[in-house]
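Shared between the two complexes below is chain A, which has chain B as its partner in the first and chain C in the second.
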Partner chain A sequence: MQEPVSFFTGFNPNDLWFLGEAALKTLWISILSITIGSVMGCVFGWVLHESKSVAGIILAPILDVFRSVPLLIQLVLFYNFAPMVGLDLNPFLSGVVILTFYTASLVTNVARGGIESVETSMRRASRSLGLTYWQDLFHVVLPIGGRTVFPAWIGVVLGVMKDSALVSVLGYVELLKASQILITRTQEPLLILSIAGAFYFALSYPISLYASKFEKRWAK
Partner chain B sequence: MFDYNFHWRPVLKSFPDLIQAGFVTLEIASLAMLLGIVIGLCLALMRINMKGPLKWFAVTWIEIARNTPALFQLFFFGFGLGAFGINLSPFTIILTGLSFNCAGYLAENFRGGFQAIPVMQINSARCLGMNSWQAYTRIVIPQVLRIVYYPITNQMVWAVLMSSLGMLVGFKELSGETQFFASKTFRVFEYFAVAAVIYYVIVKIVLGASRLLAMRLFRY
Partner chain C sequence: MIQIRDLHKHFGDLHVLKGINLDVSKGEVLSIIGSSGSGKSTLLYCINGLEAIQQGTVHINGTDVHAKNTDINKLRQKLGMVFQQWNSFPHLTTLENVALAPRIVKGKSKEEALELAAKQLKHVGLGDKLKNYPVSLSGGQQQRLAIARALAMEPEYMLFDEATSALDPEKVGEVLDTMRLLAEEGMTMICVTHEMGFAREVSDRVAYFHEGIMEEIGPPQQIFEDAQSEHTRKFLMNVR
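What follows is the complex of A and B.
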């Protein structure tokens, strides 16, 4: 252990710390955009469900754009567009904005599916029992529909977390960018990419494991 | 406040090149999907039917493909393999990366499809004198392909969107070409806006084609 193997030259424990910090940044940008995006997505989903005509004509095509254009292009576009209208955004903020809208566009479909999975008869029953519209929405639709679409939502969360790697294009030093920086310095692409991959795997795998367990429990 | 002058002329001039690049995008996505479907089928079958190292190989492949960012996988094929002295061309990098990713995602879809087919059907086919290969290729796989038709369509859209990562490994598909022109003329926003529109059109064409194909395939 005293004599470092030649394979490890240039890579020291501090770099591991650097990568860990970058992983936290990945986690932070994902948590921020997923939280805001999910709330927005739920609202949009509810709007789409409630008013099929007005909001459907305006909102649905806009959200569709976020799903039909590569995230990479969206990021570059927004990052170059913001200064034109006088916004001075750093890479982190632009990343958060685009990732939020991207999440929202994905969650909208999930939320709408969740609301539609609750049978109309059940909602009518709850209204007949004297619940107001909002009580019905929060105490009947949310628990039942939410349970149905929870795995789909987890799928979106995992997708967004992985796609947050693209923010590195704007120069935000998250996990993948950090590994690139280290590769440039140490010339050890295989080792460092493996570590970065392990970090991503460690972030994502437990959640997907939990989701599949959850799904199995509710399938019974 | 808004003092940016749009210059669309250079974009217009290179528009034919961008359309050409759009075809390259479509081509690489289709190739990756074809490879992904074949490999994904094998992986799903290995995961269901095999024991020991083959099963673990399939499980590892699927979990890595699903739990790490596509960009990371591209970098791995691009730079990571360089450590072994394997230097792939950008085309090969993006093709292997996308196929690897698609195969992992599709394998899980196929697994769900295979599980939806009753085992009795295989037994019956074997009773009728088919061998295992015939039973799978003539009875099971056609049904599975029908079950996973819409997930495959979704995956195809994802493949088109993910092929935009080719820009980051130096492959000149639509995004790569766009970036090339953008850095030549410094008209980043205009070029990427046009690229976004082209991507949108490609995605719509893919979805429309798949709907037409579905109407043709699932008539009865």
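What follows is the complex of A and C.
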């Protein structure tokens, strides 16, 4: 059965604007969850490094769950079950919450790796100068370990940015969802997916570019 | 002065230091020799509180290092330490490496700290490397950087843990010369070392460690020419 031809309309410049706006939403949801998730991940990584016993026993398996259950399932489960415990979150907030925990679970390992990449002897040297535990952590471990795991962190950032597309299953109109809407209307999947792909590239590429610039500067 | 009384250190079941008694007075240079695993490094770590102890005491100028109410970070400012690995901070220039602790630990202004750092780097012969990053320095230069970094805290005592062991042979001399310079200037030093020439020429006393016990201590002459302990004599025969 064929639908009336008049239902479809071609791709027009306004649609580009629509996609652009959706790309900003992707950017926004990514920035929020990556920022909060990274800070949380650093704290968790530090906790796992410091207390291999108590906190680790509780924290490690929780993070494992976030790391191993597919994001899509996490999003749908959380969105549908949150109201049951009195959390009435819109798709955007649900997406941010889950993406944040997902990011945190990935950054935790990166952060712990960073801390552990700084040798004991280096930390002893800095403590022997009279630095307190926290001074050592912020002035020695953070810059040295941070640089070591920076590429790994960038990998997480780019991954989460792409994975944020999954928030579309909750009905949030970010880049992927916007593309789907337009495809349904224009019946031009190739064109629209190409444009959406270009937008994702435009969001990610500057990050890769800046990252490699930093890495080069540090390598000196 | 440093006073160590009946110091015991265990790592789990391993009894690493078995009752050390040792006084080091101001201006003295003490070298510690002994075979691998005899507890020499551990002793230095116990002196500046990087390792906890299980029995006994260590006093620095009358302050108990391991007492609960001791401000260990403040006390460590009196004790510079140089390690086998040079541990330069790779993200900082030599100047910033040296200026870091004076700035954040002692709260000196940036200008003051940098000025002090430049002075100490000149002192150890790195005056022309102020803006270099550690990767561009040789091992010997990085070890001198480590010495300058410790000196910038204006310590009363310097602890050296095999400062030349990780260096290429041709770089050992420049670091030993820097240590000699400090000794001549009257710095109080405890040097764990495998450099018998240095121990003999520079030290006021030499201590021989064997399996967690300080078997023998005395002027270099006595240790190197007239050792009382069988172990000491054997050790010295082997290193020569």
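Just so it is clear, the second predicted complex is superposed on the first by the 199 of 220 C-alpha atoms of A that agree within 3 Å, B and C clash if a C-alpha of one lies under 4 Å from a C-alpha of the other, contacts with A are read in each partner's own complex, and residues count from 1 in each chain.
In this text, contacts are C-beta pairs under 8 Å (C-beta built on N, C-alpha and C of every residue); 3 or more make two chains touch, one makes a residue touch a chain.
Bear in mind that the values here come from a model prediction, so they are computed numbers and not experimental data.
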Problem set entry | chain C versus chain B on the shared chain A, clash or fit after superposition | fit
For this session: Figure out whether A:139 sits in contact with chain B (first) or chain C (second), or with both, or with neither.
Result: second
Problem set entry | Which superposed partner A:13 touches (first chain B, second chain C, both, neither) | neither
Exercise. Put simply, what angle do chain B and chain C open at chain A, by C-alpha centres, to the nearest 10°?
Worked result: 100
Exercise. Which holds for A:218: it touches chain B only (first), chain C only (second), both, or neither?
Worked result: second
For this session: See if chain A has more residues touched by chain B or by chain C, and give me that chain.
Result: B
For this session: Return first, second, both or neither, reflecting whether A:169 touches chain B, chain C, both chains, or no partner chain.
Result: first
Exercise. Taking the superposition as given, does A:129 touch the first partner, chain B, the second, chain C, both, or neither?
Worked result: second
Exercise. Between chain B and chain C, what minimal C-alpha to C-alpha distance in angstrom results from the superposition?
Worked result: 23
Exercise. Chain A residues touched by both chain B and chain C?
Worked result: none
Exercise. What does chain A use to touch chain B in their complex?
Worked result: 65, 68-74, 76-77, 80-81, 84-86, 158, 162-163, 165-166, 168-169, 176, 179-180, 183, 188-191, 193-194, 196-197, 200-201, 204-205, 208
Exercise. Which residues of chain B touch chain A in the complex?
Worked result: 1-2, 4, 63-64, 66-72, 75-76, 79-84, 157, 161-162, 164-165, 167-168, 175, 178, 188-189, 192-193, 195-196, 199-200, 203-204
For this session: In the complex, go through chain C and note every residue touching chain A.
Result: 45, 48, 50, 73-74, 76-77, 79-81, 83-85, 87, 89-91, 100-101, 104-106, 133, 146, 149-150, 153
Problem set entry | Of all residues in chain A, those that touch chain C in their complex | 119, 121-122, 124-132, 135, 139-140, 143-144, 147, 218, 220
